[in-house]
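You will see two complexes here that share chain A, one where it goes with chain B and one where it goes with chain C.
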Partner chain A sequence: MRFVLTTRYAQDVALFRHNGQRFWYGLLAIALLVAPWLMTNFYVGEAAMVFIWAIAGVGVMLLVGYTGLVSLGHAAFLAIGAYTHAALLRYGVPLPLALLLATGAAAAAGALVGYAALRMTGVYLAVATLAFERIVAYLVEHGGALTGGVRGVAMTQPQWFGISVIHSHFFYYLCLGVLALCIFGAVNLLRSPTGRAFVAVRDSEVCAESMGVHLARTKTVAFALSAALTGLAGALMAHKIGHLVPEAFGVNVSIQLLLLVVVGGLGSLHGVVFGAIFVGFLPQILALARDQLAAFGVDRVPGLEVGAYGAILVLFLIFEPLGVYGRWLKIRAWFDEFPLYRKATYKKQKSYLRTERVH
Partner chain B sequence: MSELLQLLVSGLSKGCVFGLIALGFVLIYKATEMLNFAQGELMMMGAFVAFTFVNLAAMPFLAGFAVTLVVALAFGMALERGVLRPMIGEPPFAVLMLTIGLGFVLRTVAVNIWGTDPRTLDVPYAGEVLVVREVVFGYDNLIVIGATAFLCGGLWLFFRRSRLGVAMQAASQNQLAAYYSGVPVKRVASLVWGISAAISAAAGMLLAPISLIDQNMGFIGIKAFAAAIVGGFGSLPGAIVGGLLIGVSEEFALRYLWPGFGEVTAFVILLVMLFVRPQGIFASLQKKKV
Partner chain C sequence: MLFEARDLSIRFGGVHAVRDVSFAIEEGEVFSIIGPNGAGKTTVFNLISRFYDPDGGTLAFRGEDITSTPAHHVAELGIARTFQNTELFERETVLANLLIGRHVHRRTNLLKDLLFLPAARRQEVAFREKVEEVIDLLHLQSHRRALVGSLPYGARKMVEIARALCTEPRLLLLDEPSSGLNPEETEDLAFWIEDIVADLGVTIVMVEHDMNLVATVSNRVLAMADGSVLATGEPAAIQSHPEVLRAYLGGTDEPPPAVAEAAP
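Entry: the complex of A and B
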């Protein structure tokens, strides 16, 4: 275990606590930069998809993990980002500007929903976001030439310096860069008063309000930011999908995003990355599971994917509410304290219903 | 005129189903402060279980109905005991996500037991109509309305007159005080889940003759949720009124408004309601204030 003695303020606010962290994150960065040259194009594409999930995951994590507001409609922001981006590119707007505008459009929608959500307690919000998602889905399906309706719309894939955007290596670095920016921004945001306010709202609205946190503003900001990042991920995802259809942004996607943050670990940015890897590679894992089941003579399990999502969500929430990252922290603690680790350290304590009602 | 009446009746019957599912939500929410997003899936399971008893085991309809209610009651209680009780004290959104996951699992279980093909429940009144002055009403719609009224009456009596019902009310008003007064709060919570599952199953069986039984019928649970909020979350009559309101407007929107718009009417009403009167028609819950 390493204890850092802070003697200067700069140390307190530094991004990395000590050289060990600098070393490991540096190594990770180098590994990510050289990785595409060591992998087949298929895996480069899959890795880019994991980065896109992670970008959306940062957005959802800010809202669900840090502000404690559940949204069941994040697929809508993904769709808004994707369709706005596609439309702008069709009219010849350059790629970076289109990405920014798509992000902005999603943020505006998010602020609107967030503003509507202020008047509700947490639980109403989940339903309201679901309602919002259904309405957006309806608009997408009946959007005429702009969205292409149920038949969908083809994505324009612009060239950059003579390289197509979806060239696997270019796209990999693009997504990696955007993800790095998003995580850097989120880390800094969470150390700022706004980020602290998010956490305060999550832990107790009553308490946060009496400490002077402006509830309405904090929630709207959280919602807008979360929607913005999700919209950005949607815009990138649009390139990957190639042909936008309404089914690509159904309720299932919202659930996958929730699965991402729960499996990764609510309330940690590391968790986002773990969760994104999990969600990104889950289809492959399930395909393998399907082959295994076929070997046992069970040739068809309809709805396996959806059922697996649900089961994993339930099991994680009951047995490891802190997700993969929480488990990692426990394992690390075991090594840190090696001969002295006490089993009871992380034992789930008896807890009672915390009521939000007045009687 | 006759068309309007027919739409009204079919809308009311649809609304009754929404209302019953919403009632299930509200019961659970009042008693345990948990939001059960798997309520629609409980309804689906109820419909499938009834299908098993009535169609496959060839039981008389009423007997199959009764047995299904008992099975649903037991299932709801088991669910509370096994899955939801470990979640007491966890943040509300964790419970919410848990029930969403549960809904997905139930849907997959249903597909694997009963298959993907839509099923029809054999009811004795299928296809029969009542003609009053040249206006045709389907018995299936009328029976939904009648059965809902009967169920609501029964529940009202149960909560007003029976010892257990009063104990449930006490537990939902203040768990700690109820516990001190000797109400077995844990067992009551279990029973509430059971009753809620049974009501949903009843809704599923009533809906089955009108629409088909398949693994996706649980999606109307989302509309029922909207109904519960429009009615004023936490109010039992509100759930039914909200359900009726949404059912009728959806039926009229399907007929008179843009194609496909009927499917989102419930959500439009919900969002408008949240802007105009967020506490719902019958406001009963207040938020903690500083």
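Entry: the complex of A and C
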């Protein structure tokens, strides 16, 4: 077990707590930078997709994992980002500006939904956001030339210094860079008053308010930020999809995003990465499973994939509510404390009676 | 006068939870509110915290009317509170819990936080310094990095008081600070309360059932029953006040013998 001697308060807000972390994260960075040169183009593309999932995952995590607001409508923000990005590129807006504007459009939509849903939490909020997702889906289907309706719209793939955006290596580094920036921003938020306000709202609204946290503003900001990151992921995803159709942003994408944060581990940014790897490679795993099921003749059952998503979500909620990252913490604690590890350390504590809600 | 409530009233449906309650709190005193269960003590606290809008009456803090101030602005004015059953962030460390108490003093905006500009870093360090002062005052050093969820109840109560102090309040509202504490911890609490008043110059209003604690630390006591004020005065006078005795112990139907009004 490592004990860090803290001699300055600034150490507590440092990005890396000790040299061990510096070493491992440095190694990870190098590995990620050289990886595309060691993989086939197919896997470079799949890795980029994992990064995109992770970008959206950071957004969903900020909202669901840190602010405690459940959303089933994040596919809508993905769609808003993607379609805005596509339209802007069609009109010749340069790629970085188009990405920024797409992010901004999603953020604006997020702020609007967040503000409208201020008084809702839990299931009610989930249903309200689901309704928002259906509204956006309807608008996309009837968007005329802007969205191409149900027939969809082809994505403009601009050139960048003579390289197409979707050149596998270029796209890999683009997504990796954007993801790194997003994680950096999220870490910054979480070590400053804004992030603490999110967590305060999640754990006790009454208390947050009595500590001077502006509930309405905090929730709206959380929604806007979450939508912005999801929109950014949507814009990048649009390049990957190539031809945008409404089905690409259905409810099951919202569920996949929720699956991502739950499987990864609610309330941790590490969890986002684990979750993104899981969700990114799940289609391949399911395709393999489908091949196996063919032997029993049940591989053509409709809704097999959505069913699998739901089943995994439920299994995680029952057996490992802290997700993959929570399991990793437990394994690490086991080695740290060997042979004194106590299972009860991670048992849910008896919670004392809570103050009645006053709103 | 630091705080004044005048003719405060609130109804919940048919229940007249607080009716025409008036009191004034002087700077630097410990003011206790006592009364049997359901007397409306916590409701008075929730009115002061602005969680409830009063149906009638006014609240004034340092000469300023706060009857319609939004709840999240009350802490900024200098009123902090604790809760009867503790409202801590249980999955966070004690430090993280105390840092939220500094929220009213934040000077950074979303953008500065997002980029963690030097101003944000300096602010975090300054917040930590202030938090450490409170940790020193209340002897919470050993719990600094512990998860609140793993602390015993007595320690949680102290963390909650510490968090309220981190806002640097002028007025501190303690809702049953001794509930769930053992006699020894309650005795310590009396010392802490005296320290908070003496060292930090904070004025304290507390709702409390432990009459020993009330008698030890309070300058004045307000007794309530059924939403109304029974009497206000020195702890000893209140403890022997016939109306108060009747509210706690019950009494005969005949009117109580006339006694001199307790000194205000």
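Following the convention adopted for this analysis, the second predicted complex is superposed on the first by the 336 of 359 C-alpha atoms of A that agree within 3 Å, B and C clash if a C-alpha of one lies under 4 Å from a C-alpha of the other, contacts with A are read in each partner's own complex, and residues count from 1 in each chain.
Going forward, a contact is a pair of C-beta atoms (placed from the backbone, for glycine too) under 8 Å apart; a residue touches a chain by one contact, two chains touch by 3 or more.
Everything quoted here is computed from the prediction, not taken from an experiment.
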Item to check | Residue contacts with chain A in the superposition, chain B compared against chain C | outcome: B
Next on the checklist: Applying the document's definition of touch, where does A:Val70 land relative to chain B and chain C: first, second, both, or neither?
Outcome noted: first
Checklist entry - Touching A:Val206 in the superposition: chain B (first), chain C (second), both, neither? => result both
Next on the checklist: Tell me the contact category for A:Arg151 with respect to chain B and chain C: first, second, both or neither.
Outcome noted: neither
Checklist entry - If you stack the two complexes on chain A, which partner ends up touching A:Arg2: first (chain B), second (chain C), both, or neither? => result neither
Checklist entry - With the two structures laid over each other on chain A, which partner does A:Leu189 touch: chain B (first), chain C (second), both, or neither? => result second
Checklist entry - Which parts of chain A are touched by chain B and by chain C alike? => result 206, 209-210, 351-355, 358-359
Next on the checklist: Applying the document's contact rule, which stretches of chain A touch chain C when the two form their complex?
Outcome noted: 9-10, 12-13, 185, 188-189, 191-197, 199-200, 203-204, 206-215, 221, 267, 349, 351-355, 358-359
Checklist entry - In their complex, what parts of chain B are in touch with chain A? => result 29, 32-33, 35, 37, 83, 86-94, 96-98, 100-109, 111-112, 115-116, 173-175, 215, 222, 225-226, 229, 233, 258, 260-261, 263-264, 266-268, 270-271, 274-275, 278, 285-290
Checklist entry - In their shared complex, at which residues does chain C touch chain A? => result 46, 49, 51-52, 71-76, 80-81, 83-92, 95-96, 99-104, 106, 108, 110, 112-116, 120-121, 123-125, 128-129, 132, 149-150, 153, 156, 163, 167
Item to check | Residues of chain A that touch chain B when the two form their complex | outcome: 64, 68-70, 72, 116, 119-124, 126-128, 130-132, 134-135, 138, 141-142, 205-206, 209-210, 255, 258, 262, 266, 301-304, 306-307, 309-314, 317-318, 321, 350-359
